[in-house]
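What follows is a set of structures for review.
Two complexes are shown next, each including chain A; its partner changes from chain B in the first to chain C in the second.
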Partner chain A sequence: MEPVLMILIVVLVVIGGLLASLGAHLLPVGGAPAAMGTATGIATGTVQIMLGATMTGLFTAASVATFSDSLALVALSGAVGATVMISVVMFMANILYVFGCGVVPISGRVDVDPITKEPQAPYKTPQTDGHGVPNVVFVSGMMGGFIGGLGGALMYYALLNYAGFSAGTAAIGALSIFVANAIIAAYNIRGTIEGFHDPKFKRLPFALATSLAVSLLCGIVVVIAATVLGGAM
Partner chain B sequence: MGLIVVLLFAWMLVIAFLAFIACTFEDLESDMGSQSNPNSQVQLAAQVGQINRFFNKAISGEPLSNALYCATAGTVAWLLLLKLEPLVPGEEWKAAVLAIPVGVLAAAMVNMIFSVTSHCGRTAAMKRFEQPIYLDVLYGHLLPIATHAFMTTFCITCIAYIQSNLGTLSGNPSLNHPFALPLLGFIWGITVGSIGSSTGDVHYGTEREFQDRPFGEGKRVVYHGKITRYADCGVRTQRDIAGFCAKFGGPVTGMTFGLIILFENWRSMVGMQLSGFLPALPVFTSTADMAAVIGIVMGLLIVAALAVGNLVFVRWVRKKCGPFVGV
Partner chain C sequence: MTVTPAVVEEEAPTKKGLNFTFPLEETEMGIVAGIIAAVITIYTGFPAVIKGVGLILAFLWGMDSVHKTSKYGLGTGVPSIGVLAIGYGVIGTVMGLALAEYGRIGQLYPAVLVGVLVMGVIGLVSGTMSNHEKLIAMKIPHLERAMMELGMAGTLIILLECSIVTGSLNFGAVVTNVMNTGLIALMFIFSCFAILHPYNACLGPDERRERTRMVAVEIGGLVCVLLGLALVVLGTSPYGILDGVSLIVFGVAVWVVFFRMFIKACMDEAYSTVGTGLIKTIE
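Up next is the complex of A and B:
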């Protein structure tokens, strides 16, 4: 394998890992409290929803990779697939919150929605941290899905076309590196986060530094696997 | 036989319908065993003195456990298909009719084993809070859990089978998805679990689990652990909860997954059709790239429509419900 190709694989894996970590921080994760209307966001864990979105994107990216060799098109297909998944989930969750539980989608971290300028505090149930998916949270979730899906698809493309893995192995490899980075983000978030407007978002640099180290190691392992196991072109 | 485009779109709609059924049952299965996010409340209930007859089987997060069941079913079905398909040349669907249910049955049995160990383990850990293990609760919930899980895994395995053979079923094998059946089962298992966990749990957690608290407000921290233990008639078990959630939470969750599968496949297919990629399939050409570009643009349009829809919906709800008026 040529040294340039090796560096390209490592660089793409590192970029994919960093995007995964950034995307996970942008997703509005409410966990169990959100499932009881005690917190704003999507009612599940960071890794769980990030993984679901990226897998959906990866499915489409893998289809596109069978008939197009463009890195940009494969990566964007994955990114858009993940965004579609997360947007439908957030929209339908809002329908459940409103018609099933009778609560108004409200942010618990800001008094005024930074995008629509709608007041939040008067609509909030006391002793809760907001509920549902208000507009600023929806936009942040869309961005998170797009960035996370882009990262997953970039890694898949690198493993498939540069490291010479088969489609199935490339998917599992990309997924594994993605999960490691999403778990780092989950540790950094520690519970719930609403998105880019949340004070917890300022912790992002710590997660990115850790992701950089982990992704670099993963990239080197991919190169070793491709070279030693004879998977390289 | 050349590729029949109408057949391709028809299979896509079948997949979307199966996805709707799969996620509906996934949500109900998680409610039935309290594997949803609010299982923390069932765990907490005994600790705040609320002895209950709830089934608590939080094996792991829903995406991972569903990925386990679907990958198990997919692997068993795939191995059986490898052995059975050569026996019926030209009529491979006959092998699938046997292989898929057998694979799913194996997954349902794995689910039941995990459910028993998980429920007994969790409840035994609450001995110091005097929470007993009710044997009738244990036995009575196993079959409903297994049947709901069977439906979910069956639909997901069928989706994976159709997608991994989509080209063959429509006339051109080169359009088959590059992932093998077990990997597709794994992918959709993760996705169905993450949707069931993020969407369906809301109805169970906010509404049904705290039904003796005020409707129309988020659940306050002081209510946590104080779950509703009595049903319309008698003591509540999870079977009452699944019946309740089947009326709204389950179908909405199913629609979420159905819409995702529909949008994802539809935008790809429409891109292929509009760019002239179908039915000749000229791979690695500018036509193929155009198919991907149109698919991406269609996806962005769908996302934009959903964002605008959310904006309008939230504005309508705020106007209709108004500020919080309780204390």
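Up next is the complex of A and C:
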């Protein structure tokens, strides 16, 4: 294998891992409190939300990769697939919270919505940490889906076209590296996060440093495997 | 102010002794399961049932690691660390399978263990960084060791499953039979559940390691049934269709025995139980 291709695989896997980590920090993760409507976000953990979004992203990216060799097109299709998935999930969560629980989508971490300047604090139920998916959180979640899907699709492209894996191997390999990075981000978040306006978002550099190390090692593993196989599979 | 006398507690009802005691400590279990599973992994000539035993041992090892890490509270739920283990497992499997042809003697593939060791190193790095005070600072005792063991156990699990389904550890055969058929997705999620579900379902103040392990063995049985079905459908076993059928029978037997044992242990150890009619009372 050419050295340029080797470096390209490692670089793309590292960029994908870093984007996975960043994307996980932007998602509205509500966890168990959100299941009771007492916290902002979707009522499950970071891993499940990120995995669902990226799986969809990988499906769209894989479909596009069957008829296109363009890196930008494959990566963007993955990003759009993940964004659509996360948007549908957030929208349905809002419908359930508003019409099912009867709570207003409201942020618990800021008093005024940073984007629309809508007041948040007067509508918040006392003793809770917000409800549903308000505007700023929705925008942040879409950004998280886009960035996460982009990262997953970049890894898929590197494994498929540069390392020469088959489509199935490339997809499961990309998903595995993605999952490892998303989980490290989840440990950094510790429970719930609302998005870029959340104070916990400032912890991002720690997760990025760990993700860099882990995805660098995973990239080297992929390069070794691809070199040994000589692009046979 | 009068001091109220200490309440004389009612004597707890005598518990029936458990008939399932696995006498191994966590470290011993890791060593024993690791060595046995590794030996079964590198020699692919074993019948599927023996590989199934190795698979269940690897599941027990992974479950133990999840157990000792998650009891301190991860903050994101137990499932995350189980998914992490299998995620590392898939990467290690790709690495191990790529190197499999080196030093191959007949059906003996010792080089696949390089993948296991490499994932141990990556697990150690991620565990160290996750626990480091200046980085993620999770402050979980022995997280480094647990993540290392999870990487190794996850790789052994996926390698063993590939070995069961394809009957060899040839990269081409695995890609054709496991990756391109989509079976890897089923393997991924079912192995995740075998590792994460036991502790996730049993956690709480009265959690007991012996009881939790029964669930791991039980799910191992169900995974064996699934792999047996795949083996029958793909028809890749050198021993013919009997290999797959025997794995299904083995899986069903393991599931029945350990599910019964688990329900019985729960009923014996609970202060009192109320039947919902969903599960027939075993008496």
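Quick note on the criterion: the second predicted complex is superposed on the first by the 229 of 233 C-alpha atoms of A that agree within 3 Å, B and C clash if a C-alpha of one lies under 4 Å from a C-alpha of the other, contacts with A are read in each partner's own complex, and residues count from 1 in each chain.
Heads up, the rule we're going with is that a contact is a pair of C-beta atoms (placed from the backbone, for glycine too) under 8 Å apart; a residue touches a chain by one contact, two chains touch by 3 or more.
As the structure is a prediction and not an experimental result, all values here were calculated from the model.
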item: Joint occupancy of chain A by chain B and chain C, clash or fit; value: clash
item: Touching partner for A:222 - first (chain B), second (chain C), both, neither; value: second
item: Which superposed partner A:13 touches (first chain B, second chain C, both, neither); value: neither
item: First, second, both or neither for A:110, with chain B first and chain C second; value: neither
item: Which superposed partner A:128 touches (first chain B, second chain C, both, neither); value: first
item: Contacts of A:45 with chain B and chain C, given as first, second, both or neither; value: both
item: Touched partner set for A:118, first chain B, second chain C, both or neither; value: first
item: More chain A residues in contact [chain B versus chain C]; value: B
item: Touched partner set for A:172, first chain B, second chain C, both or neither; value: both
item: Residues on chain A lying within both footprints (that of chain B and that of chain C); value: 31, 45, 47-48, 51, 167-168, 172
item: Partner chain B, residues of chain A touching it in the complex; value: 31-32, 34-38, 42-45, 47-49, 51-53, 55-56, 58-60, 62-70, 73-74, 76-77, 80-81, 83-85, 87-105, 116, 118, 122-128, 130-131, 133-135, 138-139, 142, 167-168, 171-172
item: Interfacial residue positions of chain A with respect to chain C in the complex; value: 31, 45-48, 51, 165-169, 172-173, 175-177, 179-180, 183-184, 186-191, 206-207, 209-210, 213-214, 217-218, 221-222, 224-226, 228-229, 232-233
item: Sites on chain B touched by chain A in the complex; value: 36-38, 40-41, 61-64, 177-180, 183-184, 187, 190-191, 193-195, 197-207, 209-210, 215-222, 224, 248-249, 252-253, 255-256, 259-260, 263-264, 267-268, 277, 281, 283-284, 288-289, 291-293, 295-296, 299-300, 302-303, 306-307, 309-311, 313-315, 317-318, 321, 323-324, 326-327
item: Of all residues in chain C, those that touch chain A in their complex; value: 74-77, 79-81, 83-84, 86-92, 94-95, 97-99, 118, 121-122, 125-126, 129-130, 134-138, 171-172, 175, 179-182, 184-185, 188
